[in-house]
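Pasting a structure below so you can have a look.
So that you can tell them apart, the chains are marked A, B, C and D in the order they are listed, and the count of residues begins at 1 in each.
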Amino acid sequence: MDRIKELANQLKQETIELRRDFHRYPEAAWTEFRTAAIVAERLQELGYEVLCGAQVIDEASMMGVPSAKELAEHAQRAVEQGAKLQWVEKMKGGKTGVVGIMKFKQPGPVVALRFDMDANDAGESQEGTHRPYSEGFGSVNKGVMHACGHDGHTAIGLTIAKILIELKDELKGTVKLIFQPAEEGVRGAKAMVATGVVDDADYLFGMHIGFNTKVLGQVACSTEGFLATTKLDAIFSGVTAHAGAYPETGKNALLAASAANLNLHAISRHSKGVSRINVGYMQAGTGRNVVPANAVIKLETRGNITEINDFMVQEATRIINAAANMYDVNVEILEMGGAPSCLPDLEMGEKVKAVAEQTGLFQEILPVSNLGASEDCTYFMERVQSRGGRAVYMMVGSGLAAGHHNHCFDFDEEALYNAVVLISGLAKDILK
Amino acid sequence: MDRIKELANQLKQETIELRRDFHRYPEAAWTEFRTAAIVAERLQELGYEVLCGAQVIDEASMMGVPSAKELAEHAQRAVEQGAKLQWVEKMKGGKTGVVGIMKFKQPGPVVALRFDMDANDAGESQEGTHRPYSEGFGSVNKGVMHACGHDGHTAIGLTIAKILIELKDELKGTVKLIFQPAEEGVRGAKAMVATGVVDDADYLFGMHIGFNTKVLGQVACSTEGFLATTKLDAIFSGVTAHAGAYPETGKNALLAASAANLNLHAISRHSKGVSRINVGYMQAGTGRNVVPANAVIKLETRGNITEINDFMVQEATRIINAAANMYDVNVEILEMGGAPSCLPDLEMGEKVKAVAEQTGLFQEILPVSNLGASEDCTYFMERVQSRGGRAVYMMVGSGLAAGHHNHCFDFDEEALYNAVVLISGLAKDILK
Amino acid sequence: MDRIKELANQLKQETIELRRDFHRYPEAAWTEFRTAAIVAERLQELGYEVLCGAQVIDEASMMGVPSAKELAEHAQRAVEQGAKLQWVEKMKGGKTGVVGIMKFKQPGPVVALRFDMDANDAGESQEGTHRPYSEGFGSVNKGVMHACGHDGHTAIGLTIAKILIELKDELKGTVKLIFQPAEEGVRGAKAMVATGVVDDADYLFGMHIGFNTKVLGQVACSTEGFLATTKLDAIFSGVTAHAGAYPETGKNALLAASAANLNLHAISRHSKGVSRINVGYMQAGTGRNVVPANAVIKLETRGNITEINDFMVQEATRIINAAANMYDVNVEILEMGGAPSCLPDLEMGEKVKAVAEQTGLFQEILPVSNLGASEDCTYFMERVQSRGGRAVYMMVGSGLAAGHHNHCFDFDEEALYNAVVLISGLAKDILK
Amino acid sequence: MDRIKELANQLKQETIELRRDFHRYPEAAWTEFRTAAIVAERLQELGYEVLCGAQVIDEASMMGVPSAKELAEHAQRAVEQGAKLQWVEKMKGGKTGVVGIMKFKQPGPVVALRFDMDANDAGESQEGTHRPYSEGFGSVNKGVMHACGHDGHTAIGLTIAKILIELKDELKGTVKLIFQPAEEGVRGAKAMVATGVVDDADYLFGMHIGFNTKVLGQVACSTEGFLATTKLDAIFSGVTAHAGAYPETGKNALLAASAANLNLHAISRHSKGVSRINVGYMQAGTGRNVVPANAVIKLETRGNITEINDFMVQEATRIINAAANMYDVNVEILEMGGAPSCLPDLEMGEKVKAVAEQTGLFQEILPVSNLGASEDCTYFMERVQSRGGRAVYMMVGSGLAAGHHNHCFDFDEEALYNAVVLISGLAKDILK
């Protein structure tokens, strides 16, 4: 542990600089070409086997992907902002996931560490009180911002990668460093899991800075309250008609969507726990004198257990299709994101606690904390658990300048060091 | 014509007595066992070939039929009230239509005359001012009443049957006297037409006492404004559940019906003319703490042309099915009645006018009158016209004690004589 | 305690006979004229001060009361079945509550014991396996049955009344025996509380046989999971119109109710806990060709805390009114029943536990059990607690022949003895 | 008439050039600053008393007005494109109506001629086959195009203004030339009528090129089938909330709008004639995980008589307000346009016919033609008729390159001459 703390200390400044570089060049879901290229390059330099693009992202399982045009523009921007073209080309089509694998000499367990890389669709504050702006590492990509700390997560992952190489001779088994795109909107994990990247993992660790651990020195050793969720778009297509002259020849997509909205919200409450439904957006029609032939609604369902969310999705799907049929219009339902629920592995939490105590860095060690939100790390966790492995999700405390997703979000970079030490320690503990 | 008037005059009292007998023993749709048995018996006595029961009623085309139990009870009542058992047995299952056919010696055209026999679901007035009551021929069948004049129509038909036999030697061709059940709710004509009873008709005449000709001495030679209509019941079946304990296990028929109601009324207006939709009745659920698994709605559509009514029915059917699907419940849609629209045959109206003038009985002869309602004689008319024949529907004026379907309805029995003379004259004019 | 057990033992057969008498003459909510008259008579004989009728039932707070005609018929039946007319007359209008008060010589606390008396709207089984039927104490009142054990509760209350008189000289303070009508549909407690009958109570005890304690020898010392609930009827009144001729002149109550149904079920889920909404019944309209001017819906809301139920009621009320306004019809919303939630008093549960142990009758003593339903004893409990008193609701185990509200419901009459001993013991413990 | 034809002939080229100038600089509703400034300047030069701005536009009655910012930008553009600043300043706020008044020496009747000036929101074709483009007078104002012929109407009005001055000495009474903005969306007439500009008119003439007279040499002497219409926007405002965390704290504008949509379309059909309702546009919400607090719908009602449209508007207004109340959100309903129905004055049509025959220019003279659409000239007509005057709306035939409002619309400029002669002739006929 002392060795780890020493190494982490040496790499502290580098970690902060990495984080600030990622912060300056934020990339939203499925467009993390520059971030992923840097990650891949570094891992390769360190001697990791590097998988990326279609090797680690299953195209059919990608959810909520931007248009080809947007992807191409962002790939171009990444190159302009310093990404190596060879990596960007491998990630074509938004396949911006990276996995670094290191097999140590001795046989042993497989430990997977998962970090998410994407930024948010948000304009960053340009107020003097906002440190990234005042200290010159504010976003240069308009409308995109690291407002959730994934810049820090990526930096933590790369520093851990370095430390584990330093400890190489003491370790057995295999470490897999998983850098996931598109956690925002819970869109990316499913596509990585579908390629089998964690199918051989005996252990998986995920983590988040801040969140319910809002003070430096806090740590939550496991997490409960992952809400299962599904994000759907429904696109209704009918037939226009002059509303005065031939109304009966129209097929009214606006009314189909309106009927869907009301009946979606009338889905029954569930006796087994918490459910949610929200149609948060609708756009329909063109002019007031035309029977509207187009409508789009964007919705999400949630459940505190996957079973409830599955119930909501099944109901919602049937209702949307029936609403379309009611008005004789077509509808396409797109899955734009989603994540299962996941129960906390309290036993693994005990192990985290033991390591956290060893570090001497944490004043408040919580066995478990409630997320009360969705996070698609659960896809990885569920897969690992379903194959007999162990998985745990931690939260590492940090003071926050503003809440997650706020345009003034910022965190205490000392938390980077704490996270590096904790997770490196955990990995070493298992792989020793 | 003089001969006809003389015969009609001789039969005047008998016609009135027949009408009063039918009035005293009214029978609602599909239960006209006694009325039809008397009609059949009389026609047979006069020498007509008599068809009835399954010969003239197609079971698959019967709409809005009472339960087997009710039919059996009414058949039993008919026998108790004087119907001959042999006829009633032939009419089992509510097949209470009768057709009398007379082929005259010489070949010639086929003339069909259509009369409706059924009474209304209504309690008859027992006020002293209501003549049927005060003169002792008020309904003895509780909750049933001849409030639309079909008692008169049946009496008219039987008297014409007698007159045509008297004129037998002067006539060529064939006369078909069609006595239809279940005109109320427009339920009966379709089933007679389906057996082909008018497929050989060159001419068809239908008629109504009163309606828009409210004064004795008026006659409308043809009728427009038949609204096409369809009567539907939708019966939704879901699954009950305790609404507090396990709401998600229920399949909610009440909500399915409610969704159907709103969206049915939102069917588009039609640019080609008048449309109507009305859900007039709904019953759903049992108790407030149970997810309701049963719901029934009763509705009707209308259109001033058949095309519009067909559009309404097609839309309504799709909407009801979609509403059921929306709540994952089953639905059965039953056609409980219906009638097409029909354009007036103004040319035939001219012929009616000529005969009406000959009778010397009518002070006001209207070429055409607007019905603004539905009447399933249009099924006969449409079939005859579609096969190249001519069809016309007349209204014979009479003072009315109250509007049609009112519990105080009564008409001036002098109109019976006028109608007998007019229609006998028309038949003779064509068959001479 | 030994003395109590001895007395209870002597009264065992009488208790059972009382229960069977009540079972044989069941009376539904607000019609417990005979039951209440017997209770009042007995209490008076024992020397209790007896309050009943308007003294203990606030007319304005009565919910879900039958029509005056029904009340009169049931009062008449009660007299015919043995109720003393003088009591029945005092309870006119369904004010069938009774309170017996005994002030002991020495000053001391006020202890209220609450028992419910009403039967269910259900036909009783007449199968040979149903003991009440086979042993000759099955319901003689058609469509009414004691299917929830309130017959037993009333018998228990009367036996305790007798025991406390026997123990009179050892007791201080006051005991109030509260016999409540109309617990089914949670309709009666509110009206008793409104008269202040428990305003002076320092302690209140309520109890139920069976429920979640389905084995003789079990007892739950306190109860959690009382769902707050409100039962509403909404009666919509519009204007009829001929649906074909003048549809625009109608005011459509069926559509108003349908709109209410959908939007009621779309009331938002609540982040603080469990909510429920159910429209369980709807009746609207007359015939399919008339714009429907009448509609009734019956609904209930629930919440695991009163705050949530209040939210649901507030939303539901606004939605129903808005739906009526949407179709320009009138609506009357009637509160047909309701009960608040109530947290368990675990400290009082400890006292119950101590007494239960003393009795030596209970093999399984649960500190608390979950009801997961509604029970309007919470009105009494809430009032007592809000004035600084203590309240607890117990469940006394019994084998059950079938579930509560089932037409084959029956319980083990040994449970009567257990309950009498426990509650007498509790009262004595406090009043000694 | 010969004199008129001679003058019109002399001015033919000038008329065409005027039309082409207006075509090149099209201005949409309420932004006709340049067009109106040119009209005002010309009328002044000819000696007419010129009223404009607030003199002829009642601010409170303006419907569907662009934002102040847009108005300012368009006023600026008008000046840049040649409008005199002094006129533009008078028309501030979009008050772009102009009235030219000429009182002839002798007393006599007041004749008002109404022309509309605004262009459409449409991009003009830049295909070689589109004459305005190929001949160099295509729109230079992006997204705006004269696709309805109002450029021609304005040119016709100015040429008539000149001819009437030439004929001055032969005329009595008064002529009022009314140049109306914002006919598209039926937004402008109401505001001019409200200032009383036609309150003294004995006669009013309106006209349209093309439409149902699609051949040069046709003329319709009067017009029927003006559909009364109202254009409404409803803007719902609620309260956002996190849809997962605190859904019950939101006030859902999307659901309010959805409920409004369904129930608006369920407004009853009307027995007196044709009705229409169309919600043609909806936009609501921001993201899928936020309870949507904003929603806008755009709708229109129609009726073949004003009474029916008024019924539709009254129903729609109540429904929208009730839907907002149902979800506890606010709603603002804005009247964005509208026009009454108007019966044709067939007697005045006779006079038009007589003049049309005198001109010798028309091969096909229709007494009346059906519009089957809405046109706010009816506001002027209704006002004049209601005060005892006579009003008629004509259609002057022209070949059309494409239908009205099509991006390839163009007409045969020979029609300008025909219209000038006809209307000048009519005016002279009355004022002589």
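Quick note on the criterion: a residue touches a chain if its C-beta (ideal position, glycine included) is under 8 Å from a C-beta of that chain, and two chains touch if they have at least 3 such contacts.
As the structure is a computational prediction, the values presented were derived from the model and not from experiment.
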| item | value |
| --- | --- |
| Of C-D and A-C, whichever chain pair has more C-beta contact pairs | C-D |
| Chain whose Cα centroid lies at the greatest distance from that of chain B | A |
| Cα-centroid distance, chain A relative to chain D, in whole angstrom | 55 |
| Chain centre separation in whole Å, for chain D relative to chain C (CA means) | 70 |
| Whole-Å gap between the CA centroids of chain A and chain C | 52 |
| Interface hub residues of chain C, defined as touching at least two other chains | 245, 247, 255, 259, 262-263, 265-266, 268-269, 276, 291 |
| Chain C residues touching chain B - in the complex, by the definition given at the top | 227, 229, 231, 243-245, 247, 254-255, 257-259, 261-262, 265, 276, 278-292, 295, 298-300, 302, 336, 372-374 |
| Chain D residues within the chain B interface of the complex | 262-263, 265-266, 268-269, 274-277 |
| Chain B-touching residues of chain A, taken from the complex the two chains share | 245-250, 252, 255, 259, 262-263, 266, 268-272, 291, 311, 318-319, 321-323, 325-328 |
